[in-house]
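Before I ask anything, let me first share the structure, which is written out below as structure tokens.
In order of appearance the chains are A, B, C and D, and numbering begins at 1 in each one.
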Amino acid sequence: MTGILAVTGLAVSFPHERGRVRVVDGVDLRVDAGEAVAHVGESGCGKSVTALSILRLVPKPGRIEQGRVELEGRDVLGLPVAEMRALRGRHAAMIFQEPMTSLNPVMTAGAQVVEAIRLHDRIGFAEARRRTLALFEEVGIPDPSARFDAYPHQLSGGMKQRVMIAMALSMKPRLLIADEPTTALDVTIQAQILELMRDLRERFGTAILLITHDLGVVNELADRVVVMYAGKVAEEGTRTEVLSSPRHPYTQGLLRSMPARANPGERLREIPGVVPSAGTWPSGCRFRPRCDRAFEACVADPPETRFGPTARVFCFAAARDEVKP
Amino acid sequence: MEAHVVSNLIVAALVFGAAGLAVAIRRNRLWSEALRELARRRPIALAVVALFVVVALLESVRWRSEPEGPEAGDTVSRFEARSVVDRMFPHDFREKSYSAPLAEVEFYGGAPLAHPRSHLLGTDILGRDVLHQTLKGARVALLVGGLTSLIVIPLALFFGVTAGYFGRRIDDAFFLVSSTLMAIPGLLLLIAIIMALGRGPVQVCVALGITSWVGFARVARGESLKIRELDYVQAARALGVSEPRIIVRHVIPNLMHLVIITFVLLFSGLVLSEATLSWLGIGIDGSWGQMIDQARDELSRDPIVWWNLVAASSALFSLVLAVNLVGDAARDVLDPRTMKEHR
Amino acid sequence: MRGALRRSAAVLFAAILAGCGNDPYPLEDSLEKILYQPFDDPPKTLDPQVAYSVVDHQVIGYVYDTLLGYHYLKRPFTLIPGMAETVPEAIGLSDGRVAYRFRLRPDLWFHEDPAFEKFSPGTRTRTVEASDVAFSLLRVADPAVVSPVIEALGKISGLVDFGKRLDERRRADPEFAALRIDEQYRRAGPVDGVRVLGPLELEIVLDDAYPQILYWFAMPFTSPVPWEAIAAYDGVDGRESFAEHPVGSGPFVLSRYDKRSRIVLERNDRWYGVLHPEWKAPAATYPSEGAPGDAEAGLLDPDYVGRPLPFLSRIEFRREKEPIPTFTKFLQGYYDASGVVKESFDRVIQKGELSPEMRGLGITLAKSVEPAISYLGFNMDDAIVGASGGERSEKLRQAMSLAIDSKEFLRLFANGRGLPAQTPIPPGIFGYDAGYQNPFRQPDLDLAKKLLAEAGWADGIDPTTGRPLRLTFDVGDTGAAAMLQFGFYTSRWRRIGLDVEIAATSYNQFQDKVRRGAYQIFTWGWVADYPDPENFLFLLWTPMSRTKSGGPNTANFSNPRYDALFEQMKAMTDTPERLAIIHEMRSILEQERPWIENFYPERYALYHGWVRNEKPAGLSIPTAKYLDIDAELRALRRAEWNVPITWPAWALAAILVVVIVPGVVTFLRERQ
Amino acid sequence: MLAYLVRRLAGGAVTIVGVLLFLFVLFFLVATPEDVARKAVGEKAPPEVLEQWIAAHGYDKPRFWNPDDPADTMLAEHFRRMLTFDFGSSDADDVPISKRLREGAGPSLALSVPLFVLGLLIGIPLALLVAFFRETYIDRVGLVISVLLMSVSALLYIIGGQYVLGKLLRWFPISGFDPSPEVLPRFLALPLLVGLVAGLGGGIRFDRTVFVEETSKDYVRTARAKGAGEARIMLRHVLRNGLIPILTNVVLQIPFLFTGSILLESFFGIPGLGSITVDAIQANDFATLRTMVFIGSLLFVLGQILTDVSYTLADPRVRLE
């Protein structure tokens, strides 16, 4: 397997009341060809910012402080602006959480896909249109030529997300970054979109980096899972490793609070407290204040503890568990 | 009651009101934070505005004092109530005609001055100290901005909210009245109203109020339309809370940020409008607009008399600029989105 | 050779200037003999029987010729024959009435106009006859015309009755009202006092002696108008109105009338002065004699004396609402003559003479005191300042009169231009006495305070309130500049302890106050219609009282002795007896003080070096036909004076670049 | 769509009736027929002449109610004249008002159309440029400059422009107007410049806010993610979306191009409809004034409808119901 994406030691900061605060702090991430990696965490933990950093789309006044992002072996953060632009969409494409607002309201759906194509390939409008219609077909948009001239507000949410996916796939990129692609959709539509993504992945071999807070979605699609908490990676492993035998107390908490996992009649167990906002994060293990297993050692930064070839956890408690038995 | 007593009472009321407001803001976390943020972003502009307010208040506090002897000015002014600002200047601080800033002799003719080297900004054609005039103008400017806003905001809020909240007939009526007012060219309407009401500070403020409430009322209407549909308002209605109570407790508080922003933006516009009215000869006596209008001719004097124009226009400019900057910051702090309707 | 060179240089410069600069005129006009004049308010009407404002007369005076005129140079003003061959003498009739017999010159023509074609096809003009003058006089009486001078011309026997007759018949009989205008007049006539004795002969009969009547024949109210034009331009059904489409017989023809921006008069080649230079008609020939000093001033240049008028080919009026830009344009050479705006006075005039700078530009100055007066008045019907207050109020008025220092006022607001007034009669009018000093017009604050104390208001303090006596000064101008002037008066009164409040309202509201008699103190002015003391002294005559008859006696002054003297004086010729009566009237006013005579305005007129033969008149009479322009000199001067200064544009561009470039650079660097 | 237009037109008609009524009442608060007559026939005219004038112009009729003939009142006459577009002639000088309107429209348009077009052509690109450089020093400088520009009184712009550019530097004629094409541009240059600068600050600030707001929208991120450059994003995506709110402001102004700018026309001596209005006010010329206001309100109503229609053209999301 070859690496498509390798993020190492990424740190992104935003200005706060007193100086800049790192909302992403030392994140490592790797996606191999054809692989689907889920990036999981509660909202506000920095997973979207991580995703945006990959294409250097972190909105101002955010700033990538340090780290390295390699896309197909190229250092993304060091690229000149023009090359960066050429890379977006062609090598890695992105779809977003809100299909309602992520499409330009005053351009037709077709025109937006055509634009994506013609930005990278010097072809005429007619040719681009033909390819767009084909793409529409592929992502399951019924009556593509009618939808081509429709404005976004004339399409349903699911249809819009399909248009987004068509746009993202227009250059057949090797990596698709999907930032909460189904959150804003109805449950039935969610299933359709996930089905579509799985299907496309199989057909084109596109690697997927899936950003989500929904472990159910992870279960559907991901090969590997990276759990993030408060700007740092908490735990990483294959789907089964993370979902069946979570090691980090945070992952365990997340899983416990999933309705699907609970036994009927049993009360759901939520994680006490809320995710603290950036800038108010404690030193040492950031999960410490909410953790039922915290002990004295947790005031220091937790080290990486590896479990087998694929799993790793950042937690003193998990490390202690490992030593004990 | 005499005019200066009324003025003093108003100043007292304003000071008490401001104190009360300050206490209220201190208690409310949202507002006090907003205020602190504002002070952090625009310290100088706020200070300038505050300075003008202080000068205006000092100019508004007046009382009569015992005659100060025959050398103290003309006979009549001994009997007049003078403000704190007036008292900061010597009693007969005037010359016969123009003198340049800090000059020793009259500008034309070169006769020695009664008060050489003491007129910081020179004197005008009647020999009055320009700095004194300019400081007095601050009161007029704040009166125009403040009093008019006091007329506009409640009026606009009342009509806008009732129209937006109750809709239907009331909304239709509001639409008609507002478009009738908007259909008449603004300057013309102003002139007509002032001619009908007569000249004077209050009349000008009323006229400006009538011509400028519509814009804000329309914004207020739009916002209350939205607020009406909010869940908790619906919930309150479902619980049987009376309509006026909903408006007072839920709708109006949600418009407060708009009120503040409108007030600030309206203010600078009004002060500028007064200058245009002065050009038409229906402004307020002693305003900067009037000084500018007089100075318009002076600019063409040869040798040029510039200090009048410079004094009045920089005072006007710095107040409006400071208010605009505060307004911009207030908009960013309080609400970055809804002000699209304002131009 | 030198002339040709100068001419081509002028053309060249004008062309350069026109390309980029501020020349407001088209290039092809730069070498024409065109007089450029500014005007402020647009003319209200060009109907000669109606027009009564200075700006109306500025245009009408050239389009419509008058039977009599004023000598261009002589002062005091002297009547000379115009379209009439002589200035007529009064003829006493047996029934005590007075007649004047006018004889018109032959071969006078109206301007060419399509109106004539309408009634006699094939002709575009016709000659002026006595009946046309008679027609004009009847128009003055016609109520539909709404002529403002029916009061004065109503002294012609039967003229007022004619108007009434005409009005009644029009009301009673719609068919009559639909008749052509000349036919209506013919049927409503005849008028006893207007007799057409022959094609060129006209006799006017007055009920009483009124020697001033001749002055009215030097004004456009009596100018002949063709009935054809009245009939054709009735303003109905989209047709033009006569008020906008004049047809006269004067030295210039109206060729363009955008009255809100531009009015153009072209020389009339059919004018009798042009057609018949051999007549040497006084009003169509440059005069050979003038007032003392005229020869020294170059006004009797042999190049011009005896030459037929007019010298100009065109007069262009451009609308200018603001005096200061207008003056600037004058200094740039784009207007040929100008007053002196007070703001630039010190640059232009130094020690009563033109400044060296202005002389260096070749500008000349002409001063003249206008036959006009500006005064402050008291409403004599008012309880405090008026007549009913008796001696007490009289002393108050005297004290207030003593407080006003007109000289200081003129110094502050008019650069000292003008004479402090002592009586209602200004210089240049019979009865003016340069040596007379009105005892209550010599500023004296101590005497004023003494009189005030005698009146019972010691130190100006009202004993009932213990505060200064409060009076109201009603003004109908709210402009900033005017407020300063009003402030001057009140500040003077404050010195003697009077608290005079300025009640500034719009002109309408002021008029309304005056109508209702609800005013105390006001300020007004009067400009002579004709140079006779009657035209000033009637402003205080009881029958003219504002509240009683709506007349111009706004002070509502009423004094039986004064009235009797006025009746006696008005029909007299300028004799020592008349002077004695005027002096007696003066002493009544001196004591009673219905007015504080403020000042007689003085006009300073500036002319560029390329304007020849200029002499200001004061009265609003047309004088441009005597002027000449050296157009080449003008073109050269304009080019010289109007080189644009361009370095600030480059500086501004440089600053912009300096500001923007670092920003762009930083931005691009950040993006990498 | 049609039903909507009809409803809007009906609303507009009611508005116009309201304006007319208001105008009528206001006039009698401001001036009396005697005032109008006095201004028209001159200060020196005797009272009989005033009466003749008042009768000739119908100002002696009952104002609101005439028991003998309800149609013979000034109010009825006022409405009849305005609603039939029979404006009659000016009170000040008896010129047919329709003629005056024809004469004034040209100069007004000659100034207002270039001012409007240049204002858009300069203001919008500048605002877009400032928005392009948002969060940088150019943006801050641009913003401060536009607030500075906004904080100066319009009077000062005119006075300053005439003094500096006209008098001192002699670049342009200080004021005046001449429709002949040879000299017209010279006359228009200064008022255009002054009008542009005076309006630029507020325009840039408003438009910039709109554009910056648009740049934070999700679709911009999408465009970026597909590889579009910043310039392309600004021109193709942000401009088009931002123009919609700007357009509503702009279209509303189009009808008023005819009525001109009162301040500019007065100071620069341009004989357009704006200065006709000022002249009418000063001359107590009610007949002209009411026509100007009537036409102004007519255009306003028209402009509002035009704005709504243009909204539907520019924004595919909006459909009129």
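Basically, a contact is a pair of C-beta atoms (placed from the backbone, for glycine too) under 8 Å apart; a residue touches a chain by one contact, two chains touch by 3 or more.
Fair warning: this is a prediction, and the values are worked out from it, not measured in the lab.
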Identity of the most central chain, Cα criterion: D
Pair exhibiting more inter-chain C-beta contacts, B-C or B-D: B-D
Inter-centroid spacing, chain C versus chain B (mean Cα positions, whole Å): 43
Chain centre separation (chain B, chain D; CA means) in Å: 26
Inter-centroid spacing, chain C versus chain A (mean Cα positions, whole Å): 87
Length of the line joining the C-alpha centres of chain A and chain B, rounded to whole Å: 53
Set of chain C residues in contact with two or more other chains: 328, 506, 508
Residues of chain B touching at least two other chains: 195, 293, 296, 299-300
Contact footprint of chain B on chain C as seen in their complex: 324, 327-328, 341, 343-344, 346-348, 408, 411-413, 459-460, 467-468, 477-484, 487-488, 491, 494-499, 504-506, 508-509
Residues of chain D defined as touching chain B within the complex: 11-12, 14-16, 18-19, 22-23, 26, 29-31, 143, 147-148, 150-156, 159, 163, 167, 202, 206, 209-210, 213, 245, 249, 259, 262-263, 277, 281, 289, 292-293, 296-297, 300-301, 304
Partner chain D, residues of chain A touching it in the complex: 55, 57, 59-61, 82, 85-90, 93-94, 96, 98, 101-107, 112, 115-116, 119-120, 151, 153, 164, 167-168, 170
Chain C partner contacts - residues on chain D that touch it in the complex: 30-32, 34-35, 38, 40-42, 44-50, 52-53, 56, 89, 92-96, 103-104, 107, 133, 136-138, 141, 162, 166-178, 180, 182-183, 186-187, 266-267, 269-271, 275-276, 279, 284
Chain B residues touching chain C - in the complex, by the definition given at the top: 74-77, 79, 96-97, 108, 124-126, 195, 198-199, 278, 281-283, 285, 290-291, 293-294, 296-303
